[in-house]
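One structure follows; several queries about it will come next.
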């Protein structure tokens, strides 16, 4: 079978190097181009020495013709870049997975409000498939443009979905208290992300409002068919990788078998692991892998359900889910290139 | 003025060394005895080299006569020890601050259920003063026996109190999502607290139920005069010191000026710092000091109030609050020995 | 081709779970038994949740018959265990790789001095092959008993070998200043390895003498054919995985092309990466993989050569090197099961 | 007694906030001005919340007249700033402590080679006193301009001095293998110091040559009266504070009582702690304090002496030593404001 020719736009961030880590060992893929204005000409393995011996490619200036010759282009760019280049690529018959936020929210006005810019190709918003395979698998298979979900939205969405889909919880006051390692802030130079600033400390941030709130709400409203009230608070953890989401909702009926519900919902999902009753998932149990592990509890046998989910923000929360989507789009085994075991300890 | 003669029972844990760090520079205190069965005979500064040059004392076997000669005895022991020795000390006229949980919950049956043992001196429960100065200052001043609050209960209690006291929130479904550094698990040998197990990872624990839930609920019920429903979930953060608590409640009336409410409530408190509107407190801003910093938010201008509080679990959450209580009990300046600036970075 | 039937004795430590991580994705291997007295009956994936979905096996009591039915048995046990069971296994035709120290030092008296016990099968010491493929590849291929090298000895040995083999440095006063993450101390309950004790701190240990000193010296003396004086100081780094070794030696002749020497020496080695001149290898560049990366320098153009090497102590320093040795012993591709890319960040 | 009026130039870095932490509780000092071009007008406690309640001052634009009204000005600036402003301040009768490198090296040509710029006031180099009180106490007391030593030079110098002063080691091939937490890299925005880059990893840097090598060599040559050959390699540790230096030298005579030598040399030093024989100092034992702890060993009873020293790079390695120098210059108790106990754990 012919190799899938892949291009990556913006490969110098953590999402980019993670995509490369997964793709260089993917037997059906050939990475043919990685663009970076700032690092053009520099061998990729010089910037990311973990790739020494695995990838013999240098960063290049963005070259539309070269990208147009790919079967698939990943955008691992800041928000607002992909939307400018996607129309041309789609017209050239190239499929696109955007790891940024440009196509995640279907409501143009809502997107523009949260992202503070005008959308460059609103006409493609309807076509874009929200790439959460656990809800959109069939649509992803047919998609030409996939909006890869945000990291928090993946962790929160997978945790709430079984309950929301079945109408088992009050939807007006959901709480998602989420925590992320610092790699979520990216690889850009900043004071705030220095180890001297983030190490040995913990804090909430963006309590007044965070861009992932409308994205999560969109997922939950689609699943419920009605309105959803969601309080979403992210926190910064002094570690590099990992997201944990602790979710709180009021049960309509305390007699439901929560464990069975979750196990049934995700029985056929290759990357969602419902842990045994009583478990507490650790982020390290998914370090480097595409799994989401979930535990569901009812504290003190009351009427509140608490769900704890963990993902690796760079894998299931970004590059891994993008590869999963690619596999679906190209008819490959869904877990191709994603068979690794998490690095523990 | 004569120095206060202080004894410490069980000084080999993190609470013990932290008490010593604060007391050796306290100008009104003389530490005369530190007991430890396992380390008897060993110089304290041999076990804790940060005390070299500050403390010339060795651990000793528990000696009732020596303890009875103190003005004040701190118990920095596991739960269930203090309650066996307190009666004798009180009868000898020694005042006691218990940093463990033996006297924190007034309801004997409730205590016995959560702590899995029979209470050894239930007749002293009524006399014990819950040592949260921000609610019990006058009682602490008169107390002979102080139950020093738990770490999470301090962080959660201080965050909810202004709202609960004024009846501004729905009390049936409070949520406290809390996070602690690993020193909260103590200095005992264990696999679970190895750096190889807790480093670079994050998890919730004790979701089904944690001993601090009834303690927090007791504080909030006393403040509200009515019943309180509380979901409490603790998490383990890969850092050594610090607790952050993110609290969620539904407002009865969204027009209340939350910032003014909190500032007014704590205006005269030496160790509670209400940060400017829009702030996100970091645990490092209280590293090594007795302060609790608080921020209050109303996300997306909705009807949910979110409070974020931070303390150092070993200081305001344990040893520092114990020193604060000691200062009150002995008529000293409330911040004597507690004037340090947090270590940042 | 028939799968290699593998047994693991002592699978509850960090070396054990790392072996499993590598072996469950090794296409030529079937793990048939993992023994543990303390965890017998417990599913392995219950203790190590990263293995959920990858390994459907429970720990068992040691069963000599079952082990004797394996093609290969790995010992991931404390020192002193393998030497008691190896004779019986070898007689049964089972090949053995010992990840502990029992067969690393050929000189029985020297071994007994450093390890503080009598050797249980000194008659096998001569037969054991020291499993550093970069010096003993052919012997490993024929070996029935492989002594897998220590972590520090691997990092130090690979760094000094090119110079020692060619007689280019003064051998009387070598210095190896080495640093290891905490997983090197194992997964046993202890106070010293608590995150509260090792986090945010750095220290040297075992300066008076460490067991890896004679092992390294043996490697260097074999390579040089003469005596070697070595000062070896290990340090503990507040991270989980990784070893860095900084090596110092006096050059006999400053005109030698050090970069070319190292590149030539390791040109055909699949797991030794000589980095470009001027590089400083980071431990994260080998996190989870079997590579040793090396840089060689001559500071201020003087007569001292400084070599910096990095490995993952659990992979090239333990389980990965064991798999590499297994591959050699069974005629597989040397990098089978070891093709992963390091997890960075 | 009148308070010493202190100004700080460049107070937004880690050295600046650390100076403030120490000075706000110093009973003889009043901080009257803190300059910062980038943060002018912003309250200091807004940038550094640990100072809330301790310091009611805002950053200001540099104001020569205001600085000239101080008794003492600290420069906590990048290299090359102090040398431009010092002459004017000295002429105005203001004393100066420069925490940067401008006046550390007396040899102008050597300084210019390593720092890559022309010195702006070479005529003051001879007057500047190198502020290592353990060698220059009397000169510091009389100094008008103190060059505060570098962090590594303090840790390495104090470790080698007893041996070098007494001529007990071969001076041609000293080795200093040093390790620092990331706060040593400062608080400027950078990719290299992100937690995503430095967390959970360890590496050597600047092996070809580092600016602290000539500074250390100057100290050792002054102490020995002869030439010194020094190989100096720094490393980056994934922690925030702390330096450990492991020093290697060949003894001329192995019969010297090393422990007694070190204890005698530092018997009267308030901030140098020679630990008991057999010790291994931890950086956490000096976290936040001005002490240097030292252990001296002779591994395997050979002819190599190994010294391990630890300091807090921001305290004894910067701000604390600056305060110690200030105390000496103004006739205060040498440990005024420096009496704290290290934060452990």
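The chains carry the letters A, B, C and D, assigned in the order they are written, with residues numbered from 1 in each.
As a convention for this text, a contact is a pair of C-beta atoms (placed from the backbone, for glycine too) under 8 Å apart; a residue touches a chain by one contact, two chains touch by 3 or more.
What you are looking at is a predicted structure, and each value in this text was computed from that prediction instead of being measured.
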Contact-graph distance - origin chain B, target chain D: 1
Between A-C and A-B, the pair joined by more C-beta contacts: A-B
Chain whose mean Cα position lies farthest from chain D: A
Chain centre separation in whole Å, for chain B relative to chain A (CA means): 39
Rounded Å distance, chain A centre to chain D centre (Cα mean): 45
Separation of chain A from chain C, taking each centre as the mean of its C-alpha atoms, in whole Å: 36
Multi-partner residues of chain C (each touching 2 or more other chains): 14, 183, 196-197, 199-200, 238-241, 281-282, 284, 287, 345
Parts of chain D lying in touch with chain A, wherever the complex brings them together: 14, 182-183, 185, 187-191, 193-200, 238-240
Residues of chain D that touch chain C when the two form their complex: 173, 175, 177, 179, 181, 196-197, 199-205, 207-209, 213, 229, 231-233, 235, 237-242, 244, 246, 248, 250, 278, 280-284, 287, 295, 297, 299-300, 302, 304, 306, 308, 310, 345
Footprint of chain B on chain D - complex, ascending: 14, 17, 20-21, 24-25, 48-54, 183, 187, 199-200, 240-241, 273, 275, 281-282, 284-289, 291, 293, 339-345
